[in-house]
Amino acid sequence: MASSAAASNPTIPSLNLPPSQFARLQPHAYLLAHLSPPAASDQPSVRANGRATSQFRVTSANAGSLTHTNGSAVVRIGDTAAVCGVRAELLHTEDIASWSVSTASEAEAGNTSQKGGSKTEDEEDRDHVQDLNLLVPNISLSTGCAPGFTPGAPPSTLAQSLSHEILSLLHTTRLVKADDLRIWYQPPNLESEEFRNAGEGMDVDSEQTGGPEPEIKAFWVLYIDIMIISLAGNPFDAAWASVLAALRDTKLPKAWWDADNETVLCSDNISDAQKLSLRGLPVSSSFCTFEADAAAGWRSVVIPNADELKSQAQKQGSQQRWILADPDGYEEGLSQERVCVVVDIEDGKTVIVKMEKHGGWAVDSDDLRQLVDVSAKRWHEMKRILDQC
Amino acid sequence: MVGPTASLSILQRADGSATYKCPATGYTILSAVNGPVELPGRRDALKPEDATVEVFVKPGTTTGGVGERAIETTLKSVLGDIVLGREKGFPRRGVVLTLNIVGGENVERGDSYLTLLPALLHAGLLAMISASIPLSMTLSAVLLGVTDSGEIVQNPSPAAAKSAVSLHVLAISSKDHLLLNQSRGRFDFDTWELIRARALSICQGAANDGDVAMGEGTNTASVNGFIRETAEDQIYSAYAHKLDSI
Amino acid sequence: MADRRRVNGPPGGTRPPVFASLQESTTGAAQRAQRQRQPAELRKIFLKTGLIPTASGSSYLEFEPSASLAAARSNPKSLIPPSSALKVACTVHGPKPLPRSAAFSPNLVLTTHVKYAPFAARKRRGHIRDASERDLGVHLETALRGAIIAERWPKSGLDITLTIIEAEDDRWWGDAPDSHDASWGMMNVLAGCITAASAAIADAHIDCLDLVSGGVAALVSDDSSKSASSVPRLMLDVDPAEHRSILSACVVAYMPARDEITEIWLKGDSSKAALEKGDVRSSHEALIDGAVDAARGANTVLSEAVTESIARSIAQA
Amino acid sequence: MSKEAQLSVAERDFILEALRQDVRLDGRKPDEYRPLDISFGEEYGHVNLQLGKTHVIVRISAEVTKPRDDRPFDGLFNINMELTNMGSPAWESGRSNDLEAAVTHTLDRVIRHSNALDTESLCILKGVSCWSIRADVHVLDYDGNLTDAACIATMAGLQHFRRPDAVVRNGQVIVYGVEQRVPVALNITHKPLSVTFHTYNDSKHIILDATLKEEQAAEGDLVIGINNAGDLCYVSKIQGAPVDAMAIVTKTSVAWEKVKTLNATMDKVLQADLAKRAKVGMADESRATNDREVQPE
Amino acid sequence: MSAPVVLLPGDEVPHDRLPTKNSNPLRLGPGLRLLSQPSPKAGDSNHVLTATQAGLLTTDAKRNTVSLLSFPNRRYVPTTNDLIIAQIHHSSIDFFHCIVTPNTAHALLGQLSFEGANKKTRPMLKQGELVYARVQSVGVGAGAEVELTCVNPATGKADGGLGPLAGGMVFDVSTGMAARLIRASSASADETDPVDGLIILGELGRKLESLGGFELAVGRNGKVWVDCSNAGEGSVSVTVAIGRCLQETDQHNLHPHDQKKLVTRILRDMKLVS
C-alpha cells in the first residue's frame, strides 16, 4: 500500500499514509503538495483531483427527460448534479392587484400599464417579468446531496442565497422575454358599427378603425425548481447550467382567452406549442483561490499593500496562490476567496454580465482579466454541450 | 453632491453601533454589533480557532427574505475577512452584526442589493469599530454605474441605477486591496478596469502617495478619509477629559 | 402567506393550465393507455448505485416507461403525457454520531425522508412535506428497520433521503377521481423507494439481514361495461394510468433469502377477485403473494446493482 | 442567549426595598413616565421615539393590493415587529421570542382591533383594489416597556403618514405621485394608547413605565389600552400575583390621564412637524414652479 | 506633549511615539499587536506595531507601556488580573459558574478560591449572588475558560475586598467608565485634582460623609457595587443618588464642573441635602 502511495505521489515519500488518509488529515498540505511539486521532480503542477488549475470538470447535460414539466434538464459537472424542471402556470391579470393601477404620469401619457408606448422593449420586459414575479426559481439542497444538509429542514442560508442569485441573474440577463409569457386577447369589434352610426362626431375614429386594442389577459409564470441531487462543490454553475438547459427545452402550450368561459384555455397539440426564445446564452464559471500559506490571514505578519502583493508575486520564485476553476467540495473547503464570472459571447465579442469576487484580498485586475478569458473558453465548451443536449 | 453622514456609538444596549446616511442613494442604515458573545445552539458549527461573524439585514418596510440572506452572505464574507477572529477572547465566539435599513426604498424582489451594499458595508464597519472588534484593516466601498452613453456615475440614485447598463460595487481595503467586486449588467473588461481605477481614487483619494498609515497624507475627500474622520471625531469626544488634561 | 425562505410566485396565486382539446382529441391524448404486459410481467427497473459520491451510499432507480409513454416520447404529439414512470434518487448518510441533544440509543437510529420534487407529478407539489410524503417516510422506515441489523451501530444515526424526481400517476389523467379511488401511484412509489433505499444502504456498507425489495400487486377491472361478467383480475406491477379501475392494491417489502415480509400495505376492496379454479387462497392472500412475486422480481435487479457496488468498492480499495 | 441576564439578588432586593420607600432607581415617581422624545424623519410616517433608554423607530408604508375576498370593502392594516440582536444582545435575529409575541399581540389589540385606523377608508375599488397599510416597528434599544413605546410610536406614525392620492377612472385606479397631488392623511377614528404597569411586593406597589431591571424584578404586569375619551379598549392582567380589583380601577384613571397627556404631547410634535413641512413645502413649491418656468422645453 | 494620535485598525504606531528611554521591554496594551515585516528591506527594524482597534494612542514612559484607548462602550473581554464583579449562575462540585458579561460563556470560580476556604468553611453562594473577584487566567486557544479567584495566590488573603458582596446595589456603567473609576478610586482619597476627568467620587464622598458615607467596589466588566448600610434610613436614597450620578456622568460624558453640578442637583432631587 505504502509503496504504491509513494509511487503515485512522490512529494510525500516520508509518510506511510495512503494518499486518501493524508488528504483527509492534512488537506491543505495535500493539495499544496500537488500544486507545487519539488522543482527537482518533473511533476507538473496539478490539483489533487488531477485537473489543471483552469480545467473544469467533465460536464454533461441532458434535457427533456422529465414527463411532467414544460422543460427539464439534468446537468452533471463532475460529481455535482442538478435536476431542473420548469413548470408553467397561468396568472390571470384579474388576479394581479396592481394590474388595474397606474401611476398618474403613465395615465397622462395616455397609456395604461398594459402598454408602455414610450418604453423600450427591454424596459417593459423588466417591468412585467420582474414586477409580476413571472419567474420563480427555487433551489433545494435538502435532498441528501451532501452531509450537513438536514433533509426536511427549511432551506439553508446557502440554498436561499443560491435561489436569489439565480433569480437575480435571470433578471439582469433578461434571459426570458416577457412577450413569450404574455397571453393576448383581441376583443371583437362590437362597437365598430355603433361608431359608424355615430357619424363624424368622433375625432378618435381614425384610431379606432382597427377595432379595440388587444389586451393582455394572462401571463405564464415559470416555476423553475432545481434539485441538487449530488453536491460536490460549485453548486451555482451546475444549477445555472441546468436552468439554462431547462429553459432552452421549455415549450409553452398555445393559450388563448376564452371569452365565454372567462378563462384561459390551452391547446395540448405539441405542434401549436412555442419554444421560449431566450436572450443569449450567459454561462457561469466559478473559481476559488488556494493560498500556499493557509495562515497568512492571521499570522503576525504585516499585510502587504496591494502593490507590494503584486511585486511580491513577481519576485518570489515559488507560486503562492492558485486560482482553481470549478472547485470541487474538497477545494472549496480549503479556500476563502471566491470568484464568479458570467459571460456571453455575441458576434465573437465577450460580454460580461456578472462578475463577483469576495472573501479575500488577493484576486485583482490581472487575475480577473485571465478569469474572464477562461470563462470565455468555458462558454464555447458549454455552448457545445448545451447545443447537443 | 452632498456627502454621506455617519456617527458612532449611538445606541445604549449594543456593544457597538453606528448610523450611516447616504443622501445620493437616499439610504439610512443603523447598525449594531454585539461581540464577543456566545452563539447558542450552534456550538458544533462554530470554528474552534476563530470567531464567527453573523450578519442580519432587516429591511425598513417589509419582511426580509432570500434577497437579504444572499446579501448577508456577501457582507459576512467581506467583513469577516478583516475581523481578527483569533485575538484574545474571540475564538469560538460570535460577532453579531445587525443592519437595519431605516431610511430609503425597499429592494425589490429578485433585485440585487447593489445600490445598498456600500452603505451596508460602511455601517457595518463603523459598528465593528465602535464595538472595538479587532480588525486587520478598514475598508471603503463605492457604487458605480455605467450609463448607456458610457459615462461612469458615482452613487447613482435607485432610479438611475435601474436604467444603468451596468452596476458595480467595489470595496477597497485601507491598503488598496480589492476586497469585493460585484458587477451586474453588460460590460467588457476594459470598462471594468476604468471602474476599478475610478473606485480606487474615490475610496482612497486621488492624491494617494501610499503613506496611508500616517493620517496626514490622506485626502479627506475620499471615502476612506470620511471613515477615518468619523472614527476620530468619536474618539476625541469620548476622551475629551483626557485631551483636556494634556 | 409568503414563504420568507423561498422565492415566491405572484401573491395572487397562479392556476394550472386547462387544456381545451379533451373532446376533440386531435392528438390522441384522450385515449387511455393500454397495458401491453402480461399480468405477471414486471416493468424493467433501472437501478444504479454510487452515483452520488458525497453520500455514504446512494442509488438511482427508474421504472421503464410504459408502452404508451415510450411511444409518446419518441413521437410527441400532445403536451399531455399518457402516463409517467418512477424516477427516484436515494442517498444514505451515516452511520454518524447522534446529535448531542438526542437521547441515548443502543441501536442505529433510522431517519427516512421522502420528498417529491415540485415537478414530480401532474399537479405541482409544495415545497414543504405533506401528509402523504410523511406517510411514505413512515412506511419506508418500517420496511427498512426489519432488514437492518441496528444493534451493530449503537449511538449512531442513519439518514435515508429519497427524492422523487418523477412519480407514478394515481389514475389515468382523464378520469375524475371516483369515490373508492385512492392514491394508487403512491404504492408504486413506495415499492420503488424500498428497493432504491435497500440498494443505497448496501452501497453504504450497513449490515443487513437480507436485501429487502418492494413489489406491488393489484386487483384491476378494465371492462367499461358494468356487466356481471367483468371480474377483477390480479396483476403485478400495475401502472394506474393503464387501468380503468383499481379495486385494491398491496405493496410489500420482502426479503427473499429469509422469506420474510418487513412491511405490508394493503388498500381497497379485495373481495371480488376471481382467482383461478382450484386456487384456495383468499383474494387478499393472492394479492400479497402477487406483491411478493413482484418484489422477488425487483430483487434480481437489486442483487445485480449491489454486486456491482461491491465490485466497485473492492476495485477502489 | 435567548434570555436577558437575570437580576442579581442584590439588585432584586434593592429594587423591592426602594419601592417600599417609594423610591425608583432613576428617581421617578410611581406614576411617572420616563422622558419621552418623539421626532419624525424626512419620509411621512417615519417616527423616531425614545422613552428613557428604550428606543424604537416606526415606519408606515402603503401599497395598493387586492382586498380580502371576505371583506371587499376593507383595506388592510398590519403591524409588524421583529426583534433583532440590535435591541438587546439577548435577542437572536430572525427568531421570534415571547416578548415579541406579547408586544405584537397588545399592539394588535389596542390599535388594530379597536379600529383606530378606519380600514374601510382604505378601500379604493370594491373587491378589486385597496390600500394596504403596514407599520414596521424597529427596536433599537430595549430598556423596558416596549409595549407603550411601540404603541405611541405606531399611533404617531399613523397620524403623521400621508398616502398617495388615488382616484378611479373607467375602472382604472390612478395613483398620484406625492409631487403631483397633495398626499392624503389616514382616517384615524380615535387615539388609543397602551399604558403598562408592573406590580411588586404582593401588588402593594404598582409602578408605571418600568425599566428593564424593574420589569425583571416585577411580580406581574397590568396593561390598559384606553383613548382620550376614556373608552377602554384593552385590559390585560394575564399572569403574576393577584391585583386588587380597586387598584385596576384607580390605575385605569391614571392611565386615562396619562393617555391624554401623551396624546397632547404627540399632537404638539405633529403640529410642529407639519408646520415645518408646510414652510419647506411652500419653498419647494415655489422653486418647483420656477423650475418649470425656466425650462419650458 | 505633541498632538494626540488616533489610530484606526491596520494603522502603524509611529516610531516617534514609542517611549525610547526605558531599557525595560516595551509592554503592549490592548488594541495593539506586534507584526513582523515579511520582507526585511527596512533594515534594522523589521517589526511594527499595528492597531487592531480604533483608539487614542497613549504611552506611559515610566512603565514603558503603549496602549490604545478605544471606545468606552465596548464589551468587556476578560484580561488576567482585572478586578471584576461576577454573578453566580449555578454551582457544580468544584466550581461556581459565574456571569461576567451577559450572553457570554460562564467564568469558573473555584469553590475554594476564597480567603481561608476549605471544604467546610467555603461560602455557600446561591444563584444571583455577587462576588468581587480577580481574573486569574483566561486560557489560550479554543475552548479556553476564564478562571476567577477571590484570593491573592501569593498571600492567600482576599486583598482589596475580594469575596462575596452582600447587600448593597450594583449599577451598570460602560467599561470605559469602570476603568476610569478604578483609576480614580485608587488615587489617594483626598485628591482634589480630577483623575481621568473624574471628580464625582470625591464630590460624592464629601457631600455624603455626614450621612454615613458609602462603600464602593468597581468591576472592570462595567459593574459598580455600592453599599450605604451606614446611612441607616436614608441608605436607599443615598445608594440611588450615587448610582444616578455615576450613570449620568458616564452616559453624557460629563465635564468635571458638570459633574459637580450633577451631584448637587441629584442630591437635592433625592432630598438628601436641602
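We just call them A, B, C, D and E in the order they show up, numbering each chain from 1.
In this text, a contact is a pair of C-beta atoms (placed from the backbone, for glycine too) under 8 Å apart; a residue touches a chain by one contact, two chains touch by 3 or more.
Treat the numbers as computed from the prediction; the structure is a model and nothing was measured.
Common partners of subunit A and subunit E, by the touch rule above, are B, D. Distance from the centre of subunit D peaks at C, each centre being the average of the chain's Cα atoms.
Chain pair with the most C-beta contact pairs: A-C. In this assembly, the chain whose C-alpha centre lies farthest from subunit B is C.
Taking the mean of the C-alpha atoms as each chain's centre, subunit B and subunit C sit 52 Å apart. Look at where the CA atoms of subunit A average out and do the same for subunit D: the two points lie 43 Å apart.
The geometric centre of subunit D is 39 Å away from that of subunit E, both derived from CA atoms. Centre-to-centre spacing of subunit C and subunit E amounts to 68 Å, using the average Cα coordinate of each chain. Annotation for subunit E: residues touching 2 or more other chains are 10, 33, 103.
For subunit B, residues touching at least two other chains, in rising order: 15, 34, 37-38, 63-66, 69, 84, 109-110, 136-137, 173, 175.
Contacts with at least two other chains are made by residues 95, 97, 133, 160, 163-164, 167, 303-304 of subunit A. Residues 1-2, 41-43, 46, 53, 55, 57, 59-61, 80, 82, 84-89, 92-94, 134, 136, 138, 140-143 of subunit D touch subunit B in their complex.
Against subunit B, the residues of subunit E that register as touching in their complex are 1, 4-6, 8-12, 14, 31, 33, 52-56, 58, 69-75, 77-79, 103-105, 138, 141-144, 176, 194, 196-198, 253, 255-256. Contacts from subunit B toward subunit D in the complex involve residues 11-15, 17, 30-32, 34, 37-40, 54, 56, 58, 60-64, 96, 98, 100, 102-103. Of all residues in subunit A, those touching subunit E in their complex are 300-304, 308, 312.
In the complex of the two chains, the subunit C residues touching subunit A come out as 5-21, 26-27, 29, 51-55, 58, 69, 76-81, 84-85, 87, 89-93, 96, 111, 113, 115, 117-122, 124, 127, 129, 159-161, 163, 165-166.
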